[in-house]
Amino acid sequence: MNCKVLENRTIARGFNHLSLAPDKPLGPIIPGQFVMIRVRESMDPLLRRPMSVAGFKPDGSSFGLVIQRIGRGTEILASLAAGDRVDVIGPFGAGFPEPPGAAGELWIVAGGSGVAPFVGMLQPATRPVCRTRVFLGARNSGFLLCADHLSDGADVFLTATEDGSAGVKGVVTDLVERELANGYAPAMIFACGPAPMMRALEKSVSGRDVRLCVSLENRMACGFGACLGCVTKLKTEQRYVAVCRKGPVFDASTIQI
Amino acid sequence: MNCKVLENRTIARGFNHLSLAPDKPLGPIIPGQFVMIRVRESMDPLLRRPMSVAGFKPDGSSFGLVIQRIGRGTEILASLAAGDRVDVIGPFGAGFPEPPGAAGELWIVAGGSGVAPFVGMLQPATRPVCRTRVFLGARNSGFLLCADHLSDGADVFLTATEDGSAGVKGVVTDLVERELANGYAPAMIFACGPAPMMRALEKSVSGRDVRLCVSLENRMACGFGACLGCVTKLKTEQRYVAVCRKGPVFDASTIQI
Amino acid sequence: MSEVDLRVNFAGISLKNPIVGASGTFGYGKLYEQFYDLSIIGGFVTKGLSLKPRPGNPIPRICETPAGMLNAIGLQNIGLEKFINRKLAGLESVDTAVIVNFFGETVDEYVQMAVKLDKLDGVSGLEINISCPNVTKGGASFGTDIDTTGEVVSLCREATSKPLIVKLSPNVTDITRFARVCQDNGADGLSVINTLTGTAIDIAARKPVLANITGGLSGPAIKPVALRMVYECYRAVSIPIFGIGGISFARDVVEFIMAGASAVQVGTMNFVNPHILPELVSDLPELLASLKVNSVKEIVGAAHHD
Amino acid sequence: MSEVDLRVNFAGISLKNPIVGASGTFGYGKLYEQFYDLSIIGGFVTKGLSLKPRPGNPIPRICETPAGMLNAIGLQNIGLEKFINRKLAGLESVDTAVIVNFFGETVDEYVQMAVKLDKLDGVSGLEINISCPNVTKGGASFGTDIDTTGEVVSLCREATSKPLIVKLSPNVTDITRFARVCQDNGADGLSVINTLTGTAIDIAARKPVLANITGGLSGPAIKPVALRMVYECYRAVSIPIFGIGGISFARDVVEFIMAGASAVQVGTMNFVNPHILPELVSDLPELLASLKVNSVKEIVGAAHHD
């Protein structure tokens, strides 16, 4: 799928937001799905990079990406200019499950580029019918990515920064702990962010009647189930499953985070 | 040496003229010298591409290249836009020898991208003191590259095209044969172009008292004498010499073309 | 252009064209139906199968390298039984050659596999993977021991009348010795090459990137080595050869065929471009026509005639 | 940062840092003085020298490949005598280790070379290249025959008291056998690896691109294989190892050192970036400091401790 870069904005130090227009409109996207982007037409870097879809036009005419520059591939992608073309395949993966019905409450916990899947989820056209409480964490106020976007779509919007420059001082999982201690009881928690954040959440919900769904970022070669490189271990059986096909979102009770 | 692309013009189908400004001015350039350009910062394509310097500002603040798009590296180079940066090393090689003194006559024979070294040679600042007769050949009138430039610098300017759409119909070496037959006697001939052209010239001058100097385009890995990949065989001894260091211009009598 | 004849008879397997998906990069086939109709391609080789399902190695299993990648999947597969029941049936309607890649941990397991595979109608040919650890010989690879290679091939030969292809390891001093032993013991064809053993170090963690320490190097980086080995094997044996290693463009396919391959398998590049096989099938006739070639057959080994 | 200790004592050769130019990519050294002061780098290895000058192979000798290149220079060199008279003298003022790479066509030629080189003051160490054709054994490479390797090393050992390094061929099934034989026969160090044998086909001409048919693959493409072999050799022997193969960045240097190299040699990337050696020398301290490493010595083989 050939895409044209519509816009490339720096949204924080080391983070870019890319808007892409595919030549043929994308089919329906489930938040949590991702695309595989070819860095450039060269054998080095060779492999595509996986990136969550961060918001999309309901008609499939354009979609967004939030890119954290951590290495060579993401540096090159973040240097694309409006008008450049990139080769994208997908969307792949199962995405997040159905949110709770109108009676339940959904909590969304995001850190770093982990905001990406929720940008789409909280768009007017796709917003869950249930009450949503969004927890966004970052180093400082400058790194609360897509905050406007997420707060527009959320019923309750809470932030935590490590230096206290915005919201509560501390890590986002402390905020989750606090809200749980305050007696709020979500039906589901959707989380995307660094592994330590996910593990802290798993601990917080243990023993509670809440379904925690986490989005994993394993190394991927193909993104569509062919290489078996991206697997994660099931908790229940001695067996690996492909994150790109069965995930990237998993019920935290089924896999080893 | 980091260079900024000042301009990229298509000068014929499959041929581009690039103007480059090095960050630090180049030292003096001898026509026939070449640079080695890194296609891009990637391991694929890996090696630099050799390109003759096609004209230069006497102060070293900019220089030109005539690029024929024949493969992946030249395609990428020909797609550079004004403002882009490229990594260049050089100039390398010995270049063309001193042209004849005022009493002699210099013939210049060029085909295809072989015009490049002569663009610089015939600039007002570097033009030889002797009389120059320039022979330029191409498929048709659309491929007579840098013709204005060369004719401005030449005393006599002759062209040959295979379809007769400009100048004489035929190949450029026929024109050289004709002028020799007409009794014109150059002291030296400088030639750059496809191997068959060079070999035809060698035949034309054999038995005559004229020094033929040809510029070779051997495959090169380094461009500065380290790899010994670019060698050509001496006619006289059973020995190979590095084209990038001893050439790329050779007295045709010393090497096997 | 439409006149270029792409058909190949590979050791008794009819391929409508020489473009085949390589083992371990093509799952059990179906996966690629989301991208194209499988009947476009010459065929594919299944992920390496064993008697029992295998969980494979811990992660990290993959690592990008310059123009290549390392993998240490550890031969994860669903096992022969599930393959027959769940995958093979679904391929019946597909008009393409299905080659089953298989391995054992002992010589006996290889033979048991060959016996069972021999009976399967939907299977066009068998590819023996000898680049895997031999448990009875302390984990050294079958594919680097010449005697075990001969033994495995000859016993599998007795166990099946299907076309039998042996996939050779490139991690040997002289691949032609292995090629000859396979031919002498009844192999119908060779697959050249499997991955080169390599590693990468995680400098922050001060340990190898891959949980398995080493992995198999594949992709464009290995193409020159693969081409050399195909070239050497072509001179050493008369059975047909699948050329494998880093194939990315139609011109790579032609390089392998001229070096001596009768057909090719494409692995890693399926990950980079899942449409690559149909693209090669459609680019090949034009390229061959421009080289004044009328059929694939006529240029097999063309680089050897001087 | 300036506190990071880059010094290495490599088999008795003092290197002020572990960054050394590899044989065949560094001429006889002087060539790089147009780019930088040679005393910045740890040292360099000369183009492979023989008793008599050698013309080398016909062209084409080189060919680009994905993230690598093939070369079949054919050991063109000016011969030992011209090296001594014309090159070595000019290096006297340069404060860097000069290692001479040499080879013979017979075992006896190796020994004669070692005897002559032993006497030269400006030479810090000798590197035996065994990846070259053995004329008495029908042209097969010395470096793939374990007995000849042992013989060459032991006879050269008797002929010189200078540090003796053996450069191993990667085109073998088990490189550790060769590493051990070299150590057992008195080698002071190893260079791992030389080039992998490969080829490329000119599809228009229907023949190999290189006049020599095959060539040596070098560059980033081979890095994973080279790292694996260094890793294996480190476990097999106790003499120091030069890590060689595709080094392009300071992090590659650290990968090789952690895999078991005491120092590294950089080859092909000198062609792509003639300033690469000084750049590595200046990037390395910063990278090591960021990894909380105080000296090169302390991380040699670090990837093996678990």
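So that you can tell them apart, the chains are marked A, B, C and D in the order they are listed, and the count of residues begins at 1 in each.
Definition applied: a contact is a pair of C-beta atoms (placed from the backbone, for glycine too) under 8 Å apart; a residue touches a chain by one contact, two chains touch by 3 or more.
Keep in mind that what you see is a predicted model, and the values were worked out from it rather than measured.
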Chain of greatest Cα-centre distance to chain B: A
Inter-chain pair with the most contacting C-beta pairs: C-D
Gap in Å, rounded to a whole number, between the CA centres of chain B and chain A: 55
Distance from the mean Cα position of chain D to that of chain B, given in whole angstrom: 37
Rounded Å distance, chain B centre to chain C centre (Cα mean): 47
Residues of chain D engaged with two or more neighbouring chains: 65-68, 219-221, 248
Residues within chain A bordering two or more other chains: 43-45
Overall pattern in which the protein chains touch one another (line/ring/star/complete/other): complete
Chain C residues touching chain D - in the complex, by the definition given at the top: 65-68, 70, 144, 171-174, 196-201, 203-204, 206-208, 213-215, 217, 219-225, 227-228, 231, 246, 248, 251, 254-255, 258-259, 291, 299, 302-303, 305-306
Chain D residues touching chain B - in the complex, by the definition given at the top: 24-27, 31-32, 34, 47, 55-56, 58-69, 71, 73, 76, 219-221, 248, 268, 270-274
Chain D to chain A touching residues, read off their complex: 66-67, 220
Parts of chain A lying in touch with chain B, wherever the complex brings them together: 40, 42-45
Interface residues, chain B side, partner chain C - complex: 43-44
